[in-house]
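Each structure below is given as structure tokens.
Shared chain: chain A. Partners: chain B in the first complex, chain C in the second.
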Partner chain A sequence: MKVKVRFFARFRELLGTDIAAEVESGMILAELVQGIARKTPEGYAAIFDERGSFREFVIVMRNGKRVGSAETATTILADGDEIAVFPPVAGG
Partner chain B sequence: MISIQLEDVDIGELVRRARVPGTGAVVLFDGVVRNDDIVEMELEAYEDVALPALRKIAEDATRLHNLLHVDIVHRIGRLAVGENILIIVVSAGHRPGAYAGSRYIIEEIKKGVPIWKKELTRDGGRWVPGEHPHGAERPSA
Partner chain C sequence: MLSQRELERYKRQILLFGEEGQERLKKAHIFIAGAGGLGSPVAIYLATAGVGTLTLADMDVVELTNLNRQILHYDRDIGKKKTASAEEKLREINPDITIRVKDVTIDGTNASRLVGKADGIVDAMDNFPTRYVLNETAVKKRIPLFHGAIRGLYGQATTILPGETPCLRCIFPKAPPKEVFPVVGVTPGLIAMVQATEAIKYLVRDGHLLTNRLFIWDGKEAHAEEICVERDPSCMVCGECREQK
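Then we have the complex of A and B:
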């Protein structure tokens, strides 16, 4: 099945954005993002801590809805999902 | 008018349109690119989420502060020093509602609308840190 991962701001500069991924059924959200983030050491270190958990300030969305840090380790992806990963917002 | 756009907007025209029947006060907020020794500012948005979020903030502000009219225009792309970043125009029957509604809108935008700013300098650039650095531990939106 196909999912899309979008990084924004500093994470986009490190990892790119609008990344289309072909994943197997049962894939966990956090594992997908870890796999993509491993493209660059800086990108991975910006998003994940030493234990492989999302850093506290990182915001994760699935189809436009926030996903909590603990939930990212248990959320099973569905076909067509859009995952967004970004740092704290700074508009206005 | 609730919009995320590259182009600037005619603020005078927005203020004129905000004077709907019943208006006793119009408040304009105009956020501009400050010269903090930068060359330009680059703005980026997750528009699929940011635009609905702006619409909800406008609806909430209207309900909470009895506003008669709301415009929110947030610009993206590269902006020079002095250019408009964010324009908020609200009207209400009375001054307290107009001031409070305008303030509510800007503070809610800063809390949770996915938009980012990068200050471009002669040496490179720096991302502006958010004022509300809560991340995945506290899902609320």
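Then we have the complex of A and C:
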């Protein structure tokens, strides 16, 4: 099945955007993003912590709905899913 | 009532909002938290539009490194308090409105008093801990918080209406890490314009507000988009549990 991953802002610089992935059924959201993020060590480190969990401040959306950081490790993807990974900014 | 001078001064926007809208701006009071990269353009444009009372809070001194983006402050202001520098410029820009400045660090102990009876808060801060304080103040007072933040060529903005939209904690439960952020003045300029537009629309009751949506600006790609944001029923600031207390 096909899913799409969209990275925003700095994550886009590090990993590209609108990445279409062909995945097997049963694929977990966090595992898919980890696999893509491993393209660059910097990209991976920006999104995931040492334990392989999404960093607390990273916003993950699935088809426009927020997925909590704990849920990302149990969310099973479906065909056509669009995942957005967004780093909030803090400056002013 | 608008004076003859005000009718003339705001003629072109009275075409947009009517005299009634302009009266609303005149009667309004907006609290701007921060007189830096976001706060400078927000203050300039709200003053120009004739928002009757503006309160600006900032405790910093103008430094040379601020001048690439903090457009209320000039080279001659280096070493001066940002509040004094901002007050001077804003009074010159529009002598018909009231400018108040607070040379203070906003924190949980003083935020409510500083905001006072303001009709809305513009988040022009550079850190999340203070943003969370502003958010709690806005929720407590049931007044809008016009959020904006930037980094480099990226920015985000949303309008928070307590009780109706997610609050800042619902959207950002955890703060991004603290850093010396890269920035070029155009990014806070652009995000500040979104915030100021929202504040004006809210006050004159025109258009659709940037509510339940996070506006995301990617200046690198020259691309804007938005993501939907929702209330978190278990939010520690505005969640149901909290509301029942």
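Going forward, the second predicted complex is superposed on the first by the 88 of 92 C-alpha atoms of A that agree within 3 Å, B and C clash if a C-alpha of one lies under 4 Å from a C-alpha of the other, contacts with A are read in each partner's own complex, and residues count from 1 in each chain.
Going forward, a residue touches a chain if its C-beta (ideal position, glycine included) is under 8 Å from a C-beta of that chain, and two chains touch if they have at least 3 such contacts.
Please read all numbers here as calculations on a predicted model, not as lab measurements.
Three-chain overlay on chain A, with chain B and chain C in a clash.
Look at A:Ala9: by the touch rule set out above, it reaches both chain B and chain C. By the document's definition of touching, neither partner reaches A:Phe48: not chain B, not chain C. Looking at the shared chain after the overlay, A:Val89 reaches both chain B and chain C. Using the contact criterion defined above for the overlaid structures, shared-chain residue A:Val67 touches chain B, although it does not reach chain C.
By the document's definition of touching, both partners, chain B and chain C, reach A:Phe57. Set side by side, chain B and chain C differ in how many residues of chain A they touch, and the one touching more is B. Within the three-chain overlay, chain C meets chain B in a clash at only one of the listed stretches 9-17, 81-89, 99-107 or 135-143, and that stretch is 9-17.
Overlap of the chain B and chain C contact sets on chain A: residues 8-10, 12, 56-57, 59, 61, 64, 66, 84, 86-92. Those residues of chain A whose C-beta lies close enough to touch chain B in the complex are 6, 8-10, 12, 54-61, 64, 66-69, 71-72, 82, 84, 86-92. Residues of chain A touching chain C in their complex: 8-10, 12-13, 56-57, 59, 61, 64-66, 84, 86-92. Note for the complex: chain B touches chain A at residues 31, 43-46, 48-50, 52, 74, 85-86, 106, 109-118, 127-141. The touching residues of chain C, when paired with chain A in their complex, are 34, 36-39, 123-128, 148-152, 154-156, 172-179, 181, 183, 188, 216, 218, 220-221, 227-230.
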